[in-house]
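What follows is a set of notes on a single structure, which appears directly below.
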Amino acid sequence: MTDTPDIEESLFEAPPLAEQERMVEAILFATAEPVTVKELNDRMPHGSDAAEALVYLRKRYEGRGVNVVKVGDAWAVRTAPDLGFLMQKETVETRKLSRAAVETLAIIAYHQPVTRAEIEEIRGVSVSRGTVDQLLEMEWIRFGRRRMTPGRPVTFVVTQNFLDHFGLESARDLPGLKELRAAGLLENRPPPGTMPQVGDGDIDAEEETEEGQSELFED
Amino acid sequence: MTDTPDIEESLFEAPPLAEQERMVEAILFATAEPVTVKELNDRMPHGSDAAEALVYLRKRYEGRGVNVVKVGDAWAVRTAPDLGFLMQKETVETRKLSRAAVETLAIIAYHQPVTRAEIEEIRGVSVSRGTVDQLLEMEWIRFGRRRMTPGRPVTFVVTQNFLDHFGLESARDLPGLKELRAAGLLENRPPPGTMPQVGDGDIDAEEETEEGQSELFED
Amino acid sequence: MTETPTDMFDSSVADRLAAEALIVDVDGFEGPLDLLLNLSRTQKVDLRKVSVLQLAQQYLAFVEKAKELRIELAADYLVMAAWLAFLKSRLLLPPDPTEDGPSGEDLAAHLAFQLERLQAMRDVAAKLMARDQLGRDFFARGLPETVERVRKVDYTATLLDLMQGYARIRTKDEFRPFVMDRDAVFTMEQALERMRGLIGFAGTWTDIATYMPDGWDADPVRWRSATASTFAASLELAKEGKVEIRQSDTFAPIELRRREPRSD
């Protein structure tokens, strides 16, 4: 019984590790999007171990003009950040994000998964449809699981694109995350007793919020 | 007067060659089109020698998964030619063999070695080239010995692949007419149980058929 | 204590001046919390040490000023003003032991927490945006190679297909059209055939249930069919004058026996 894996290995002989490294290199170079280990393994010959090859490949490109970077559970080749000045030609003018959008994005990233009501509680104003739509359209945020609270509100989380854009391996690597957590600033602290609710009295904002939410529910 | 170039060089000191190599690497990677040496020099800090850096970079990528290649008078990073297969995503579509092919195959299996004329006589219709070619290509049939009759026609026999696919030890294990009748196959009615009719192409039915097969084998 | 009124007066003058400066860009504020955060900066202290009471006074002064200048404030600014006025009174008056609900200190602490949290989010948002960004500071492959999709058709057939195919060819002559085989039906013809063979032995009265085919009692559907056809066959035999039938009572067993041919 213990022989079975060996037999299998000999049937589907995996290429030598150096070859596998070349293959991962070729696949990562060929695409602009990060590629998951699973995708790599699927495309490589049977028996390959992309994860192991990646360890070597990453090391090989340390300090080079391009680097092998981890993006969530995927991998990509990116130019070294210190060489950005050479690339003015490649720079894409990104739509400038409004202050509201930047703050909303940060709140989602640091508090994820987070509901719209929680974002509004933190910012002290209602979140406009446009802001969330813009972030969704940029594919920096997406819907997470519904919260198991009354009304089952949808939550927002950041995406792989977000991590890729800001050069983060995972959301755990967000700058200052540890300090915020230590300071208790990421806790969901309910307001004591009666607090003015966000958007209270502002009829327009209320309607907008409700509309936005109910539309989200339809998804 | 002759000193002027030297003074200029010292004013705009060129980066070390290793740095220049990194720069060329990053530019070739990130640019959408092949880049000429002149363009490289224009983009790199004053005093850089892209041509020299390219020599080193090209060497560095020798035998790697991607190579630095010359395209016209410009340079680009490209997948190593032997890894082109990784850039293809194969989608396998499973289709049922046509009725003509199944019948032809069945005749060959039951009557091997058999000539094309004999197949046609048994089927009562002519056998198209395409059908035989398809079976040959699938490596389910192969040419047998020529028949020692006038014209020395080729014969067809089934292959080991065929036996493997159908789980047979030899073609002699194919059930005879009597067994076919016992299994209800000669009355063109659904055999006992829920065996699908020929031509049921969907995957579920396929699986069921396989189950059916093993049942037949147990007989 | 005697200095307090003067302090209050002084600070309220300062507040008014600050409020006037703020009011110029009232549109620039993202809600009351944002305004409070801006006001707290005039205290020039760590947000953790901010005086919520002073903040409340500053805010109320701001709202007063806006009213004087006939600047329409959005409703949530006014809601916040009302709440801060309530908070102020709670902070200034000794706590009423008969009153429920959170204390003024609790409310003030939460407001301070909210301000600190909002400021923290702003700080990390700035840190985030200051990071190297894809397409600005670092870059993806400029010339991605498209992954070519190769469609490969894998033909397949099962042993059953093969045998059915062979059977189809070999039995073209004995092909019979498809009929539904009703194996749960015992026809009257079958029942008659069976009873004719057995009736010769029925010299005495016997329950017709004994004429039922063997093994059909396992399945109620088959049993029902066999019962019906056996009964119908009995009637048919009686009509032919081969048997006699009797039933002693309603739902009693039906019995039959061979009818002896008339001697005369």
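Points worth noting:
The letters A, B and C name the chains in turn, as written, and every chain counts its residues from 1.
Going forward, a contact is a pair of C-beta atoms (placed from the backbone, for glycine too) under 8 Å apart; a residue touches a chain by one contact, two chains touch by 3 or more.
Bear in mind the structure is a predicted one, so any value in this text is a computation, not a measurement.
Taken together, the touching pairs cover every possible pairing of the chains. Centroid distances from chain A, each centroid being the mean of CA atoms, peak for B. Here the chain at the heart of the structure, going by C-alpha means, is A. Mean C-alpha position of chain A lies 26 Å from that of chain C.
Computed centre separation for the pair chain A/chain B is 35 angstrom, with centres defined by C-alpha atoms. Chain B and chain C have Cα centroids lying 42 Å from one another. Contact of a single residue of chain A with at least two other chains is seen at positions 29-30, 77, 79-80, 83, 87, 90. Among the residues of chain C, those touching two or more other chains are numbered 139-142, 145, 147. Residues 21-27, 29-30, 43-44, 64-66, 77, 79-80, 83, 86-87, 89-90 of chain A are the ones touching chain B in the complex.
Within the complex, the chain A residues that touch chain C are 29-33, 76-81, 83-84, 87, 90-92, 94, 97, 99-100, 102-103, 105-107, 109-110, 122-125, 164-168, 174-177, 180, 183, 185, 189, 191-196, 198-203, 205. For chain C in complex with chain A, the touching residues are 30-34, 74-76, 78-80, 82-83, 101-102, 106-107, 110, 113-114, 116-118, 120-125, 127-129, 131-142, 144-145, 147. Across the interface of their complex, chain B is touched by residues 139-143, 145-172, 174-176, 178-179, 181 of chain C.
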